[in-house]
Each structure stands twice: as C-alpha cells, then as structure tokens.
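There are two complexes below, and they share chain A, which is joined by chain B in the first and by chain C in the second.
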Partner chain A sequence: MLAKKTPAREEAPDGGAGTRRDALGISRLSLAVGTGESEIPLLADVTVRVGRGETVGLVGESGSGKSLTARSALGMLPRGARATGGVTVSGVDVLAAGYRELRDLRRTRVSMIFQDPRASINPVRRIGDYLTEGLRARGVPARGAAEQALDLLGQVGIRDPKGAMGRFPHEFSGGMLQRVVIAGALSTEPELLLADEPTTALDVTTQAEVIGLLKEMQRAHGTGMLFVTHDLDLAAAICDRVYVMYAGRIVEESAGASLFGAPAHPYTRALLEASPSVHGGRAEIKAIRGRPRALAEAPSGCAFRDRCPLAGDECAETVPAHRPHGTSLVACLRPEQVTP
Partner chain B sequence: MSTGDAMSTGDAMSTGDAVKAPVLSATSLVKRFGHVTAVDDVSFELMPGASLGIVGESGSGKTTTARILAGLEQPTSGTVTLDGRAVEGHSRRARLRQARRLQMIFQDPYGSFDPRQTIAQSIAEPMRLHAPGSRKEHRARVDELLDQVGLSSRAGQSLPRDLSGGQRQRAAIARALGVAPRVLVLDEAVAALDVSIQAQILTLLDDLRRDTGISYVFVSHDLAVVRYITDTAIVMRHGRIVERGETEQILRSPRHPYTRLLLDSIPSPGWDLDRVARDRRALDLL
Partner chain C sequence: MKRTRADRAGKRAFAGWIGKRVLGGILTVLLASVLIYGALRLVPGDPVLAMTGGRRLTPDQIEALRHRHGLDRGFVQGYLAWIGDALRLDFGMSTNYQTSVTSLITNRLGVSGPLILYSAVLAVVSGLAVALVSAVKGGLVNRAAGMAAAVTTATPTFVSAIGLLALFSVGLGWFPATGAGTGLADRLWHLTLPAVAMAIVAFGVLARVGNAAFAEELRREHVEVARSRGVGAAAVIRRHVVRNALAPMLTIVGLLFASLFVGTAVVETAFGLDGVGSLLVSSVSRRDFPVVQGIALIAVLLFVVVNTLVDLAMPFIDPRVALGGAGR
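Then we have the complex of A and B:
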C-alpha cells in the first residue's frame, strides 16, 4: 500500500510555492495567554512554510517557541491562548477549524512525533493495537489494518514484526519504540509530519538510524516534515531549509546547507561559535553572554540586543523586519557585519 | 590508623615529583549488578592537571565508573587510588577523606541542593565539614567562589529553584571547588544545558583547570564536548574500554569500529547515513 502513493515531487524543494499547495503554511502567527495587564506573549509574527516533500528545520534554544509553533499546526494551542495570524495545513484553516475537523486532520493528513516515544503510546496497550487503531480510524478494515501494521513494522526495521505486534511498549528500547511511533505516524500517509525533537533522547548511533528511516519514509510518501531540534548540526545536515527562532520569533530563514557557511543573524553565528565540533581543526568556542529568553522577558526592539556583540542604539527602537541577505531572510539591522 | 595512613608516600610526592605520579588511578575495576556487568575491567590513570574523557553510549558503564571513582559505589573488584592512597571502606572518615580530594558534579545539580537553603549556604556546607576556619572566613571564601564561577552575590542569596539550569551548574561547581579538591568527576555535566550556556560552563571549566591545576574526569556521550574539554579519553562499550588515547588522535584516526560508528553517527554537512549503516555491519561482524 505504500507503493501506490504518489511519488515525491522532483522539483527543487524551495520552488513549488505556487503550483501545489503547501503541506504547512503558518503566517504571522502571534500567540498570547492571559489578558490585560497579565497578558504573556508567547509567539510573535511567526511565519513558517513547509512544501510538499520538503524537510524544514526549526532550531533554537529552549523557550524560543519551537514546540509552540509546531503544535499550532495541529491546532494544539496552550489553554486560554489567543492567536492571530493564519495556520493552514493542506488547505485547512486550522485556527478556524472545529473539533471534528481538527480530529480528521490529525487522523489523515498530519502526524506528530515527540521526543519521548513513551509519552505517545498507551503503556497498557499492545503495539499491534496502537498501530491498527490509527489505521482503523482512517477507515481501513480490520484485516487490512493488521496486515498493514505488520508491513509497517518491517519497514521501520523491527525484527519479528509478528511477535512485536503482541508486545507492550515497556518491552522495547527507546530507539525501537520511536521506530514504532514513526511507523504509526506514517501509516496514515500524511502530507505533513511534525517531528518535535524526535531523536533528542536517543544515542547518536540510534539517532542516525532513526533519521535515516524518517528521511527514507518521508521520501517514499512525499511527506513534508517540520523538524524541531536544538541541534544546529542535525538541522543543517538533513533540512532543505532552516528557521532559527529566538525569544518567540523567527530571526533567520536559510537554506540548510548554507547555515554554517554564511549565517546572517548574529545569534545564528553566535550559536555556531558556541558549539564545539568534532569536524575540522580543534577550534576555540565562544560563549554567548546572558541566557536565552522567552518572548515575555525579552528586551524591546531586537530581542537579542542584550546579548548581541553588534548591538547599537537603533537596535532598541523597533523589532527588525525580515529582509533578504545572501541566501537568508534575516531579522537584523546589520547582517552585513555577520557575513558580508 | 587505617592501612592507608601507613603508606602515605603519595602525599610526600605531591610536593616534589608531582608531575610523575597520577593523582587518580583505576585498576581493573569491575562492577556487577546481579548478572549485569556494568563495568568490566576498567583501568586508567589521571595525571595532576590533566583531563580525561569517558565516552560511550547510554548503558556503557560511564556513570557506574564515575560513581566508583567518587566512592558512591563499591566495585565488585579492582581498586581506585586517589592521591597515592587506595580508596577503601565506606566509613564516614573514609568518605570525608575522599570528598576532600575528589568532588563529583552531576547532570542535573538541582537534586543535590537543599531546596530550603540559599545557594551561598549550600556552597558553605562542604567547607564547614572539610576546611577549618571561622564563619566570617567561610563567608568571604563563598563570595570568592561565586565570583570565580561568574555568579552574582544576589544569585548567592537565591534559592535553587530561582536559578536557571546554567546558574545551578555554576553553583554546583563553586560548591565542589570550596574544598579545593584535586579531582572533579563530571557526569554529563553540560548535557542538559542550552548551547550558549553549555559554552559558558565549558569555558569556565577550561579556565579553572588552567588557573588551579585541578584534574577532570569528564563523562559524556558527546564527542564534540569531550574533544573540547579533555586531553585523553577512553571509549567504553558494554562496560569495557574499546579504545584509549589522546582525544584528538582518537577522533582523527579511530582504530576501533565502534569509535568509527560513533564518529560517523554525528550529523555534519554531507552526512553519510549509508556509511553509518556500513559501520554498524562492520561492528556486528566483530
């Protein structure tokens, strides 16, 4: 059943905005909880696009708003949150959609995987039930669902899929269970996969295997993927495009490969300089002063200015608009001082 | 009194020929939990002022090794020698002696702070146990330590829950340094920190080692971090050491297929996942 899926499109990943609808379009999304004096802004002006079959990274330090952004694609907003802007998944207006419409969307066109596979699987149900349930909800008859589940387990590299169907989550290692979750997430052949740090809890060698599997499945199904990670190396290695978040905003959008060679935002460069690497010569690392901030506690104007080595008076005036620089779109007044 | 006291030649050496004698050595350490062998014949030496990395994946025995070094776990067999003396016994006296020379830093320092005590009080605590001096002297030393790890005196007056993860890790380092130990054992000490904060802690540790001549045993699953902070390293797998040497040498030309697999698994531009699969097959053939 996987074979009869339409093949992934062949065009350049960044090209197809016009012809086919995107897997995900978030435009100028702002989120806040609380009202009046006690209002807490969480996200501001977040614009993210994921084309069909495209892998798009969302990177940043903790509290920058990566998970909030990814979850908004499924209409999963914090309790009592108010949203402005637009979220469109496969043509559905998520912010306007009702409960049933969102449920159907999750069953058929969008899947999500999280860091901890044990959080997404009911511990007292067998793996087989977990997988067939999703398929049944999509209208696959019982017999067919069992066959498909077996097939999926084989595809994600579970040895003895028959035996695995009857086992419980605690009988699997973290890496193996994440494969099962991936099998479940892709069983509905979604147009969009939201992956929130899906390999962060895994060992590096297991991470490499799981990423290989994700990329392969994604290619076979033509699934668009939003990949959330705090690991710049990982994002640059597997993503067509990468968004860098800081304090609830997107500060840079760049082609995955050029993130390293030509960072445009001082924060992106600072992250790169702060990360030790196993590749190349043994380089010094440079610490960034201060600590990452949430939007609610960020300074006015450019949120990075209290940590930015290039900050000047004008950086305090307004939030810098996004503008093209090199192959990036960057929200900084002086990207030419980062990479000429 | 103890057998250790009779052979304290190591202490005499630490003034003269200090460079030659290891400050810490592990000899044929074995640790079994039931039928699981967590640590299997592990030996290494740490010279004064040196930094040794212990790398490997989860379950490879890194933490168990670190806990044995810190005297938090008794080895099934094998010995740890600290500052020229075998570490023996679980008596309070033996533990105090050990703690004066070796301190341990954990991944999440939150659990090791008393939630009702200010950071400054927590930092002063081991000092009261180990270092003679008046209350006032201790307070001055706490201020000095806070400053050394880059914490404000306001942070010193805070409760642990009011500090960020990076600040708590600084506080843990300050507390460990308070007894002027010769060795710090750090178990995944920067693993839970954001990149920018991790860099602050790593550079702090680097400066401290340069300034004080303290030695590190740095346990981590992260090869890039180990490359930055250590001179030599051992690679552990299933409780055993599969490779050892200078860190830079290990990374540049790994000899063991497992080390190669670890290295190739690290994402990079032009990441070759097929190569990772080949590495794994090579390892499985072993």
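Then we have the complex of A and C:
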C-alpha cells in the first residue's frame, strides 16, 4: 500500500548519502506509523548508499527493517506511514514523488525482486504476459515487447523461450520462475535492482544458480543492486559493501570481504558465530540469547544492549553514533573489544 | 516434439473431463426427475382425489384420470412413460387449462425469460460494481457497502416487491403495477419493478461475496509486485484483481441465475405477471400436477446446465484448475 505524502516530511539534510550519481541514496530515513501515544517507530536514521554498478548487502534478522528499507526506494511505504529523511533514486526524490512520478520511476529506474517467485507472478496469466507487462507499461509496442521478452528469457537460461511465453506459472519450478522474475526485473533496464531475499524460497541447488545469474546480469547491465538477505555468508561473498541492520537501525557498514575477518559490532560477530560454516573448523554454533527486537520494543540507548555480552551502563544512555573502526563504520561504544 | 505429444494427451484428457462433467449433469437431472415424479405418488391418499379436490366423479371418470396420468401402471412403468415423453419435451396435458404443458410453459417464458435476464443483469452489474469499489476504497465506503449488502440480503422479495409497488407505482406513478406490456420498450418498462424486486437479494449476495473475493485478490503479493513495476492503478485492478476474482464470481452468478428462476414465483404473483412463476403458484394451488412437474423439471435442468457450463469454463479462467478434478 502506498502511503499518502505527508507535510511532516523534512528535506534531506545536506551531507546526506544521496548524490546524483548514486543509484540509491537513503539518508537518515525514519519511518513511523500511528500518531501521538500510539506511534510505532519502524526505522530510525537509516542511511544506505548504492553506487552505480555496485552490489550492496543489507543484512539482519527478520523484523530488523531491511525489507522496509528496500521498499522505501520504490516509494512503497506501509499504509499511513510518515517518513522523515531522504530517499533518492538516480537523483529523483522518492518521498516527494507523486503517483505519476513514482509510477514512471518504477517503470524505468528501479526494479524489485521479491522472495517468493510463485507469489510474485499472477497465477492465472501467462509468463509472456508477465514479461511484456513491464515493457508495455514503458510504452514498448506489443510486437517489440514480445521480441524483447523472448530475448530476455533466453538470456536468463530458460529453455524453449517461445513455448515458455505461452505457459502458466504453475508449469515451472521455483528456480525457473525466479529466472523469469529476474528477466522481468531487468527488462526495463533499471539503474537499481532491489533483491529482497531472492533465493530464500528456493532449493539450495538452485540458489547458487540464481545468484550467479543475478550477478552476471547485473554486471552485463551495469545495474546497482541492493541485496537484502539474512545470510551473512552470502552477503559477504557477493557484496562490495554490507550494511548490518538491527531493530530498525544500521549498526555496521563494512566492506563485504572484511566482515568475516573483522566484525566491528557485537551483533555482527554474534550473527557470524550463530551461522554454521563449512569453511572454518568445527567451531561451536552459538545462538544469540534473547530474541530479535523491533524498533518499537527496543531498549533505550543501544538497541542490542539487552542481548549484548559487552554491554555496560553507558550503553543505555544514548544511541551510539556511527564511527570508523578498521574498515567499518560502527554504531558501538567499544568495537575494539569485538575486534581489536 | 515433446510438447505436441503432451498436447495431444492433454486434449484427450480434456475431452474425457468434459464427458464426465456432462454425464454427471445428466445423472443429476435423472435423479431429480425420479424425485419429481415420485412426489405425485407421495401425495397422501389417492393422487386423483387430491387433483380433483374432492369433487364428485363417477368411477369411470376416475379411471380415465388414473389412466391419463399413468397411475394405473406401476411406479417404474409410469415413470418411464413420463420421462420418455418429457425427453421429447412433452409433459402431458394440464388438468386445469386442458392444453399441453409444453405450450403453456413456452408461452409464459416470453415474460419470465426477459424478467430473469433483466434482473440478473441488474444484480450482477450493481452488485459487482459496489463490491469492487468498496474493496478498493476500504474504510467508510467499505462499511457502508457491507451494511447495504446485509440489509438487502435480509429483505424478503415479497417485502421489497410491496415496497417498490407502494413507492414507484402507487405513490410516484412512474411504473405500472401490473401487466407485462407489449413490444420491447413497453415490456422493459413493465418489467423494471419486478426485476428490481428480484435483483435486490441477489445484489446483496453479490456485493458481499464479491467484496470478499476482490479484497482477497487485492492482498495478493503479485498485486503489490505489479504496482512495484509501475503498472497503472486501473490496469492493476483490471488484470490482477478483477481477472483473478472471475472464477469465484462466475460460480456465484451461475447459482444466482437458477435461484432467480425460482424467485419468479413470488415476484410474478405480486406484480400480476403471466409468467412461469405465477403459473407454478396457481398450478400448485389447483393441483395441476403435470404443470408442476414440468416446471420443476425445467428448473432442475436450468440449474444443472448453467452449473455445468460454469464448471466447463473454469479451466479457461483459472489454468490451475486441473482437468479431471485432481487439484494442485
């Protein structure tokens, strides 16, 4: 559901992350629904930047607000939500955009790939209809759209593209459908691709194929990608930079590769220790105590402090500001105790 | 190559599936016909006495009546004779009008047919329009539509018929109170109030069920995905909401059509129309069994034909409806 524009929105502050050259610039985005006493905050001060052709990961547990952040790039905010901060896609101010501007933005500059391809495609319409719908919306004539769709299906590795055009979603496997969705997302040659856990609903064996395809297509088209996932290993493997989210806030920004070697936030380290790895030794898998928090129910100060082994009294006072530590920007008072 | 073989197998399966549906329909009609015929035999006492309503008859006359209605034969033989004639569209002679039941019914279909169609169009157009608008708008509009649906569903047809008569024909004088009119325009004018009276309950049912179906489709993820791709709002509603709600809607409309046929009994009596419905009512009170049986059989036939057609249309509307009933 689209939120109505509200006058409460503030202009993007100067020095925010969004510049004209970036595919996506989210600067100090805060989101809340409800008013007064019953106000529920969803996101606080989220700053995310995706350069052209860059792959950026957005990692966190469910409920941390990563899907919400990704959707804000499309202007798809929860019904009745109020936003402050700035969201720009290729220089277009998304939060200020009206119905037409948003529609045109979605048609030409941003595409989103959702988690479950089977739910993403209308089950009663043909694959060909799905692919040409995006193209036709851009004004491509019917015949041209059909030709482009055929070409795209070939590119994403669907056998017999001609036959596939006339078939229905239930005749395809999940992996094949996600390929169709990727083809649909790239059909409009977007500058920004939002991938919201695109492999979570797929078999392990098809996951690698879909990721490979996604990266390959992204390289070929020079598209910037925001890759939303809960899989830290995957994010570190394919992303240039990774943002780690917890309770509606970004807690760490780090270069993809260095995330493993030098996590700066206790939450990042805890996530790494909680995920089994086939590469390292048989290290013990440590579950994070407590349960993940939403922003609305997070404790004061650092939201992670009630689950953090390093937390002290000063963590309760203010939300820690982002500061550099190693190759990371981290919102923690004592990152040196996580990785010296 | 594989595809064509699969196609051929698919076509064979499809033909078999159609055959099964049609056969099922025929069996339903036959079963119902046994019950309809049996009802005559279930009349307490002697059916002939029930028919004549206690008038004094000579034994010869009684015997003639018994013979004419096949009552002198056994149940099976009598049924076979009756259904055999019915298959040739011969439902016997009306005891009241002394003419053939078939011509009696077909003459009156000239009133009831347009009335049912008129009423169905009114109910479907208004019901689905209200359902769609209320589902899309939500909030107050949705609540108001929900209340309207509840009130109209709960209003018996005879009450709305009397209300409409009092307001529009006695009070305002816009529409005639009785008669079916001659010529197309005049007939439409005469049939408007009866059609509205019949459509009111159907409107409520469609508005309510349609609202639920549209609301459900609106919540689907592919609708959100279509919006995220910049598909215009109207196209999203048309291609992803209305299109997907067609299947449940068609089922309801099919059921409604048959219930409107039965609904003519009340409305035609209230508005003094010489249709099949009023014929049914008068024939029941005059114990004109051949007419009652004929109309009952036609109602069942209509019901089964419409629903079989709806069933047959399903795989074309929703490709996931697997042929042969094995759902995904």
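Convention: the second predicted complex is superposed on the first by the 320 of 340 C-alpha atoms of A that agree within 3 Å, B and C clash if a C-alpha of one lies under 4 Å from a C-alpha of the other, contacts with A are read in each partner's own complex, and residues count from 1 in each chain.
Just so it is clear, a contact is a pair of C-beta atoms (placed from the backbone, for glycine too) under 8 Å apart; a residue touches a chain by one contact, two chains touch by 3 or more.
Fair warning: this is a prediction, and the values are worked out from it, not measured in the lab.
Will chain C clash with chain B on chain A after the two structures are superposed, or do they fit?
Partners fit side by side after overlay.
I'd like to know which partner A:234 touches here: chain B for first, chain C for second, both or neither.
first
So, A:257: does it touch chain B (first), chain C (second), both, or neither?
first
Contact-wise, after the overlay, does A:74 reach chain B, chain C, both or neither (first, second, both, neither)?
In the superposed model, A:74 contacts chain C only, not chain B.
A:292 contacts which: chain B (first), chain C (second), both, neither?
Only chain B; A:292 stays clear of chain C.
Touching A:207, do we find chain B (first), chain C (second), both, or neither?
first
Smallest separation in Å between any Cα of chain B and any Cα of chain C in the superposed model?
Nearest C-alpha atoms of the two chains are 12 Å apart.
Across the complex, what residues on chain C touch chain A?
It is residues 3, 220-222, 224-233, 235, 239-240, 243-244, 247, 317-320, 328 of chain C that touch chain A.
Which stretch or stretches of chain A touch chain C in the complex?
Residues 2, 74, 76, 99, 102-108, 111-112, 114, 116, 119-125, 129, 133-134, 137-138, 160, 163, 168, 170, 184, 188.
So in the complex, the part of chain A that touches chain B is made up of which residues?
Its residues touching chain B are 61-62, 203-209, 211-212, 215, 230-234, 236-238, 257, 260, 270-271, 274-279, 282, 285-292, 307.
For chain B, which residues count as touching chain A in their complex?
Going through chain B, the ones touching chain A are 57-58, 164, 166, 194-200, 202-203, 221, 223-225, 227-228, 248, 251, 261-271, 273, 276-277, 280.
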